[in-house]
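Consider the two complexes below, in which chain A is the common component and chain B and chain C are the respective partners.
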Partner chain A sequence: MNAFEYAAPRTLDEALTVLREHGEEARVIAGGTALVTMMRQRLVSPGYLISLHDIPGLNRIEVANSGLRIGALVTHREVETSPIVRERIPVLAETFRRVASVRIRNMATVGGALAHADPNQDPPVTLIALGARVEIRGAVGRRELPVEEFFRDYYESSLAPGEVVTAVVAPQLPPASGAAYVKFLPRTADDYATVAVAAVVSLEPDGERCRQARIALGSVGVTPIRARAAEALLAGQRFSAELLQAAGESIKGAVDPLSDHRGSAAYKREMAAVIVARALTQARDAARATARGTR
Partner chain B sequence: MNRKIHLTVNGTARSVEIPTYRTLLDCLRNDLGLTGSKEGCGVGVCGACTVLLDGKMISSCIALAVSADGHAVTTVEGLAGDERLHPVQQAFIDAGGFQCGICTPGQVVSAKALLDAIPNPTDAEIREWMLGNLCRCTGYYKIIESIRTAAQRSRA
Partner chain C sequence: MTFTQECLIPVERERLWDFLMEVPKVASCVPGLETVEAVNASAYKGSLRLQVGPIRLSLQGTMTIEEQDRSSWRARIRAEANDRRVGGGIRARMSLTLVPGEGGTRLQIVTDLAILGRIGEFGQPVIKKKADALLEEFARNLGAALVA
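What follows is the complex of A and B.
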């Protein structure tokens, strides 16, 4: 690694000031699992690191607007094991559980993972399907945007210079809804997905037809993507094998995977269709169970 | 760009002046002389560098030493008592939980963290917890057996 200056400010305002002063030369560090690895590989060589770890208040999980607000410094393992997450948005706990190994989940943070903007990560896929929003602080103030608008390109987010992710806010599922995260990884359990799909299905009062579906995919393009064409096919329709197949087929045109050691682009495109159908089936079954439980 | 940091290493307060780019692993090995933790992959995947930071296992090869300032670090050297090995260490010996040995310090530290968190783990819990510790000799069955043995003995 190259030499760099290191600051561990005690307040967010102080961190933002230091970040503004040092501009492009500075990088923000939280858990460090992505940044330190990239620094060791000389992919990035920041001259100034600003650690968020000594800033109080960024590591809380709290109920907000009937959903959950998860602070940027909350670790993946904390999301996975949090009783409040497991109770209110269990698919989120399940998704974070699928990231790498316990050891990495002890280090990697929610905000750091978003800012890293790696399209192979698990959490953004489920966060997009849930309709979660990112909270951002910068010199000019606070802004918020949907997670699905946060990612711009491979390792590129819409964070402006001088901005920091402070939290992610995930809404609770609507009534008569179910969610699923399906990670297809034929190699090892701690690997990135070959294809990952999150689906949230909301049922009509009849418990049979799909009122609304939200579908997101990871590892199939330069950013995680939302599959709006497939969602439109499902809205108002009765679930059938044909419908799930059609939803899967519609995915093939929406994805743009890279060929790599996790599979060829053609293979990933085929598997995206299969995994979307599986995720929808699981989400539908979960929605039916929820609907039955509340009727 | 040197910094003086203060760590509690295996229960003992240590202060050390290091360059900011020093990883925690290099700090432990080169500055503090604790060479039990090993560097395998250098990217947080293999688990040979596993140490506990405030009781939680981390990859010390991708942790900056400056980020550990003020915190407690436990390495494999801190597990044994004066005359006795830690029950996990003894179980690895008795059940043959290692072959070449390079991954063993990381395996043992991870196993200790597991039994601290889940004293009575199922095989599935052992596998999920330990999947981030690779053994290129593929001694996994014996590693799992070692952990089972350590858990059983602590129940006895």
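What follows is the complex of A and C.
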């Protein structure tokens, strides 16, 4: 690993100032699970590390507009085990539980994972399906954008130089809705997904037809994606084996997987269709249970 | 890994061939190429900057024209380059063929590429997409240089 200077500012404004001063030489560090690994491999060699750890207020999980606002420094393990997350958006706790190993989850932060923009991660998939938004702070102020617009390319986010992720805000599910995260990992439990799918299904009052579906996928291209064509197929339709198959077929045209040691692009494309159907089925069942419970 | 790429350059075949065989000229169209220097009549050394996500590579290496056959409009190139800081490099053999096309000349490139060391571990999955993006930019630059 290269030699570097280390700063641990006490306020976000101070961190942003230091980040601006050092420009491309500086990298922001939170949990360090991604950055330190890349530094050890000498893939990146920043001259300056700015830790966010001593900045108060970035590590809270709060109720916000009936959804949840999760601070950038909240760890994966904290999301997984948080009673408030489990109660309000259980699929989020379940998704973070599926990330790597407990040692990683104890260190890796919500904001750090987003900024890393690795297309094989679990949380972005569910966050996109939920319609979550990222909060960003930079020298010129605060901005916010949907998680699905945050990822640009392989390990590239839309963070501008000098900007920092401060939180992610996830809305609560609409009434009569259910969500599921299905991670297909045929190798080991702590591996990245071969294909990952999150689905949110909202039912019509009849409890049978799909009012709206949101589908997102990970590990199927250079960024996580939202499958809008498949969503459109489902809207207003009654669930059936044919409908799920049609949604799966439409997924094959939406994904552009990379061949790697987890499988060829062709294999991942086929599995994406299968896993989407499973996730939709689970989300529909969860939605029915919710609808029955509130009736 | 072997892959085939193709692009259309809006000039006639003779003109494209002559331009492509003049390495210093064509070098100016290669995205990220910083220096190029002749070692002898068919070999060059140079450096190329390439960014993949957060990783900035600085590849130093050589390029050799192994074959250039104007009668069949075909050339073969070998390139080897390393990044000392990251550790790792690339080895490539490229075969270029010029075919007349609609509104210009089609440049067909078959590349046999090996990515070595740490660069490979990170970059292997996206190298084809990166190569496509680079060719697109190269073709644009080439078109602009030749039409101007």
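In this text, the second predicted complex is superposed on the first by the 295 of 295 C-alpha atoms of A that agree within 3 Å, B and C clash if a C-alpha of one lies under 4 Å from a C-alpha of the other, contacts with A are read in each partner's own complex, and residues count from 1 in each chain.
Please note the rule applied: a contact is a pair of C-beta atoms (placed from the backbone, for glycine too) under 8 Å apart; a residue touches a chain by one contact, two chains touch by 3 or more.
Keep in mind the model is a prediction, meaning the values are calculated, not measured.
Superposition of the two complexes onto chain A shows chain B and chain C fitting side by side, with no clash.
Legend: residue contacts after superposition of the two complexes on their common chain; A:260 is shown touching chain C, with no touch to chain B. Shared-chain residue A:278: touches no atom of chain B or chain C. Of the two partner chains placed around the shared chain by superposition, neither chain B nor chain C is touched by A:288. In the superposition on chain A, A:86 makes contact with neither chain B nor chain C. Legend: residue contacts after superposition of the two complexes on their common chain; A:43 is shown touching chain C, with no touch to chain B.
Contacts of A:104 after superposition on the shared chain: chain B is touched, whereas chain C is not.
Taking the C-alpha centre of chain A as the vertex, the lines to the centres of chain B and chain C open to an angle of 100 degrees, rounded to the nearest 10.
Between chain B and chain C, B contacts the larger number of chain A residues.
By the touch criterion stated above, A:1 is placed in contact with chain B alone, chain C being left untouched. Of the two partner chains placed by the overlay, only chain C lies in contact with A:153; chain B stays clear of it.
After the two structures are overlaid on chain A, the closest C-alpha atoms of chain B and chain C sit 13 Å apart. Chain A residues 41 lie at the interface with chain B in one structure and with chain C in the other.
Across the complex, chain A meets chain C through its residues 38, 41-45, 117, 153-156, 222, 258-260. For chain A in complex with chain B, the touching residues are 1-6, 8, 29, 32-33, 36-37, 39-41, 49, 51, 53, 77, 100-104, 106-107, 188-190.
Those residues of chain C that touch chain A in the complex are listed here as 52-55, 85-87, 118, 121-122, 124-126, 129. Across the interface of their complex, chain A is touched by residues 1, 3, 19-21, 23, 42-45, 47, 50, 56-59, 62-64, 66-67, 69, 110, 128-129, 131-132 of chain B.
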